[in-house]
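One chain, chain A, appears in both complexes that follow, with chain B as partner in the first and chain C in the second.
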Partner chain A sequence: MNAASGKVMNANGKKSFKLMIVDDSNIMRRRIERSNQFEELELVGTAGNGLEAIEMFKKMDPDVVTMDLTMPQMDGIECISKLVVMKPAVRILVISALADKATAVDAMEKGANGFLNKPFTDRQLNEAIADLMR
Partner chain B sequence: MAAQQPASIGSPYLTEGTPTVHDYTGVINISGKREGFVYFTAPRAMLTVLLMKMQENDFSHETMRDLVGEVANTISGNARRDFGRDFVISVPSVLAGERPEIPQKPGARSFVIPINWRSHSAKLIVSLT
Partner chain C sequence: MNVAGADRNRQLVTVGIGAMLTLVMSAVLILGFRLATQMRASVTGLQTASMLQTYPDAISQQLNSLRDRLEARAYAGQALADLKVTVKRFDHELEQLGAGGYLQSAELDQALLLWHQYTPVVEPVVNFTGQAYVDSDDAGSAFSKEGRAHYADVKRAQLFATENARRLQQQLATVATTLQQTSSDGAARLRTLLLSGVLAALVLAGAAAYFQFTRARHERAAKEAQDQTRDILKTVREGFFLLDADYNIGSVWSEALTRMFSRQDFAGLGFEDLLKGLVPPTTLSTAMKYIKLLWGERAHENLMKSINPLGQLEITMDNGHGGKETRYLQFDFHRVMGPKGIKHVLCAVGDITSSVLLAKELQESQESANAQLDMMLGMMHVDPLQLNSFLDSTETGLQLINAILKEPARADSEFRKKLNGLFRELHSIKGEASALNLMSIAHRVHSLEDMVSELKKKAELSGNDFLPMVLKLDDLMAHLRGVREMASRLTALKDTAPAAAAVTAAATVAPARAAKQAAAHEQRSQQGRSGDDLSPTLHSMAERLAHDHRKRFKLTINGFAEVPGSYIATVKDCVIQMLRNSAVHGIEASDIRKAHTKDDVGAVRVDFRRSGDGYELVFEDDGAGISPDALKAAAVRKQIITEQEAAGMDTRAAMALIFRPGFSTQEEVSMDAGRGVGMDVVARSVYALGGKIGVSTNPGKFTRFKIVLPAAEAPSSTAVA
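And then the complex of A and B:
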């Protein structure tokens, strides 16, 4: 998979990636948005559960997704499975409090590309996102 | 630096009956190998300072609820590092206001861990069977 394939250039001539943030906490969504230090990463949508995420995904076609796991209506694992079918090249960073290895392995097997545990620092988040965009 | 003052843990204790709570309480329902609840409860003043530290400028009732729910979720989710994925956690629910009805398993005892930060006190309450 290549996250850079088909991306457009922004005004500074850098590859531009569209970001979607999925988390049932408003505070956490704003935290992730504020922490983003990449000018080439443009927030195009947020969602509070897996069902909302799929609808937003269809509309905005993001390249990079941050995904919570424990959410109402549709959890993150199920949502990941659906998103990678819709767009195999999408890059998904799971950001979850669930700290057991089995959950991380499960998420990666379903199609996630990275896993970051809550709580996290801005630096950890940006490093994880940088890894995702390579 | 005062802004980075770490929290300290008070002496944990066991209590029977319904635990007392602060202004806002995040509740996680635990199922799987263990059953019961994990609560994080904090006073509004403490949550306000936490939100300021997080660079939030929304101190509404809904944001307070969001914060205690997220803290309860984070603590419970991190516990799976030790208990494994059979320690199944729900999405958080939140109690607020005076004398909220605290969900509890019949006969369950609560293990209360006081958390002190600056001049504020919160509690982590673990009530499992």
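And then the complex of A and C:
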């Protein structure tokens, strides 16, 4: 499991990871996008539910995904298991308001690599992403 | 410390030294054996050499004797035979000595050389087989021709032997000396060898003793370490154990587990079996998923710690006295890494029951403090007279409840009757408390109502079932005393504030005195009391109901100044109940109202006016109205009427259902509806005053209650209680 396998070169010639944000809230998507302080993390797409996420994933092949759990049409847990089948090396950070530990354990079991509770601070988000890419 | 490695090294050294010493001992023994063999040969050789020393003389003498015999023409056969034997034996022994192999000395070679010089001289003598004499009658015995030659040989041999006997003998003596020297050297070597053998044996014994000693020391140290580990595991308050890759508990665990789980068989027990029966299946399944994740190395320790679902686990187990006991356990997991990844998972279990209970207590006391504060703030908005009147009537109500509880009862029907009585009293107290926004009281009464509802569901009732209610009632009474105390303080505060400006002397008023003042004040106002006092209470209740049920409506009250003192209590109870009904059932949510092209703020209107000899109270809301079919369906569901009865009912009869005891269309019980006590109480109290009540409705448009009351009598003390 090495995220480095998915590394590509961006326009500046730097190594980068492709990021996809999945959340049904537009505000939350923008919040995550703005908080991201990693130069090597390049946003390649956002999705508002699990089905959109899978379509976007096929198109953009991201390396890192932030995933909401409670979403219309297809929820995060189901989406995680599908993404992991498509690309085992993908790194998924669950960002959810569901604070109970059972949900976190379920998400991890399905293949998530990190878990962050909403609401979060910029610092918490960046630490969680750093842990994810380590 | 790597104990296993040190042990292995010690074993290797022991085996090495043992093997070396065994080799040395074997070499010593083999050499010793060889030396001993050589010595034996030397000794034999020495004996032979000593014996051979006599032979040269013997040969010389026997040749002399043979010569003498021949010279005397005597019989020489015997002498020759003796010589033959001696020569042959000497020759043989000497050859043997040389051929033995144990002597390869120059001395022996010399002796052999010398002896070989004998051979050409002695050989003709010993080989003589002819007749030495010729006998004749005249001359007697004379040498024969060959006899003469033989004699010459003998003489020559005798001369040679006499000349050389000494030399040969000396040479043989030298051989003997050499042999002696050889065996003496051999003996010395054997002695040295044996000595070194003894030394080697001693070293071996020493080494063995040393290893035995160090081994004993290590064993002692290991045992001590084991004892210490056992002591730690016995004493430590946390439960410790290791989980293997199959999620089974290892053979070492701390005693505290026994107390936590009331069992002993931890070694080899599966983690799932440990928790089975103690926690709900969903929690168990989450816990097992978590343990599996721990064994995977995908998530790092901090993340795993943050999603630990067993951080505060509530478990229920037998307390050993037939009852159940709830405990809170905290499980902490740490991965133990080995050279090939995760080796074990260390699990630390702490009993955090007391701290969890303490936190709960703290929270409860915090909540109760908040509730008290809320209550105080609420009380500050309530007119003190109203509050006192409420407290009085509530106390009377509670006394009544107490009396009902104490009433002797045996039969089930008697118990049921008791329950119904309790229910009505409680409900009316709750209504008043809610109206005054005294939620701490309302909630307590509500929970008492819950207990009554639970009892009603029970198939068989006994006196014991009522005991918890008595306790709860005591609690409520104590709370009421607290409220009264607070009320009197508030009154004192309110009284003293303006008083302080006017009368400087009475700056402070003791609570007891304040209470008396309040009581006096109330008595004074009793005569001139008017229904206008009700309006603020009803408005504040309307606000609360609107907030609690997320409805928007406006309450308009008219003519309450006309309400005679003796009707105030009844009017209040009735309006409160109807207001509740409107808020819960009547007024629709804003979006529904908009959808029906209604004003999104509902309207509730209460009018009180004189009418003929008596009075008329009209309560109207512009809500959803009442559907007779819904009423009938609810009544059937509540088993108040049968389906056949429902089918036979006209609209009018259906509407009358709402005045039946125990009727409610609300499925969920809340503070304001669902108990099925309400409109029947209203109807009863109206009938009690000799009045009438009617309802008219237009589904989707309005509901209107009309109460007609007869002319009031002069106010009496019972009417306001």
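By our rule, the second predicted complex is superposed on the first by the 127 of 134 C-alpha atoms of A that agree within 3 Å, B and C clash if a C-alpha of one lies under 4 Å from a C-alpha of the other, contacts with A are read in each partner's own complex, and residues count from 1 in each chain.
By definition in this document, a contact is a pair of C-beta atoms (placed from the backbone, for glycine too) under 8 Å apart; a residue touches a chain by one contact, two chains touch by 3 or more.
Please read all numbers here as calculations on a predicted model, not as lab measurements.
**Q** For A:D131, is the partner it touches chain B (first), chain C (second), both, or none of the two (neither)?
**A** second
**Q** Residues of chain A touched: more by chain B or chain C?
**A** B
**Q** Once the shared chain is lined up, is A:Q37 touching chain B (first), chain C (second), both, or neither of them?
**A** Neither partner.
**Q** For A:N26 in the superposed arrangement: first (chain B), second (chain C), both or neither?
**A** Only chain B is touched by A:N26; chain C is not.
**Q** With the two structures laid over each other on chain A, which partner does A:F115 touch: chain B (first), chain C (second), both, or neither?
**A** So A:F115 only meets chain C here.
**Q** For A:A102, decide between first (touching chain B), second (touching chain C), both and neither.
**A** In the superposition, A:A102 touches chain B and chain C alike.
**Q** Need the overlap of the two footprints on chain A, from chain B and from chain C, as residue ranges.
**A** Residues 102 of chain A touch both chain B and chain C.
**Q** Which residues of chain A touch chain B in their complex?
**A** Contacts found on chain A: 24-28, 30-31, 34, 70-72, 96-100, 102-103, 117-119.
**Q** Report the residues of chain A in contact with chain C in the complex, numbered from low to high.
**A** Going through chain A, the ones touching chain C are 1, 101-102, 104-106, 108-109, 113-115, 131, 134.
**Q** Where on chain C does chain A make contact in their complex?
**A** That would be residues 282-283, 286, 289-290, 292-293, 298-300, 302-303, 306-309, 311 of chain C.
**Q** Residue numbers of chain B touching chain A in their complex, please.
**A** For this pair, the touching residues of chain B are 51, 54-56, 62-63, 66-67, 69-70, 73-81, 83-85, 87, 89-91.
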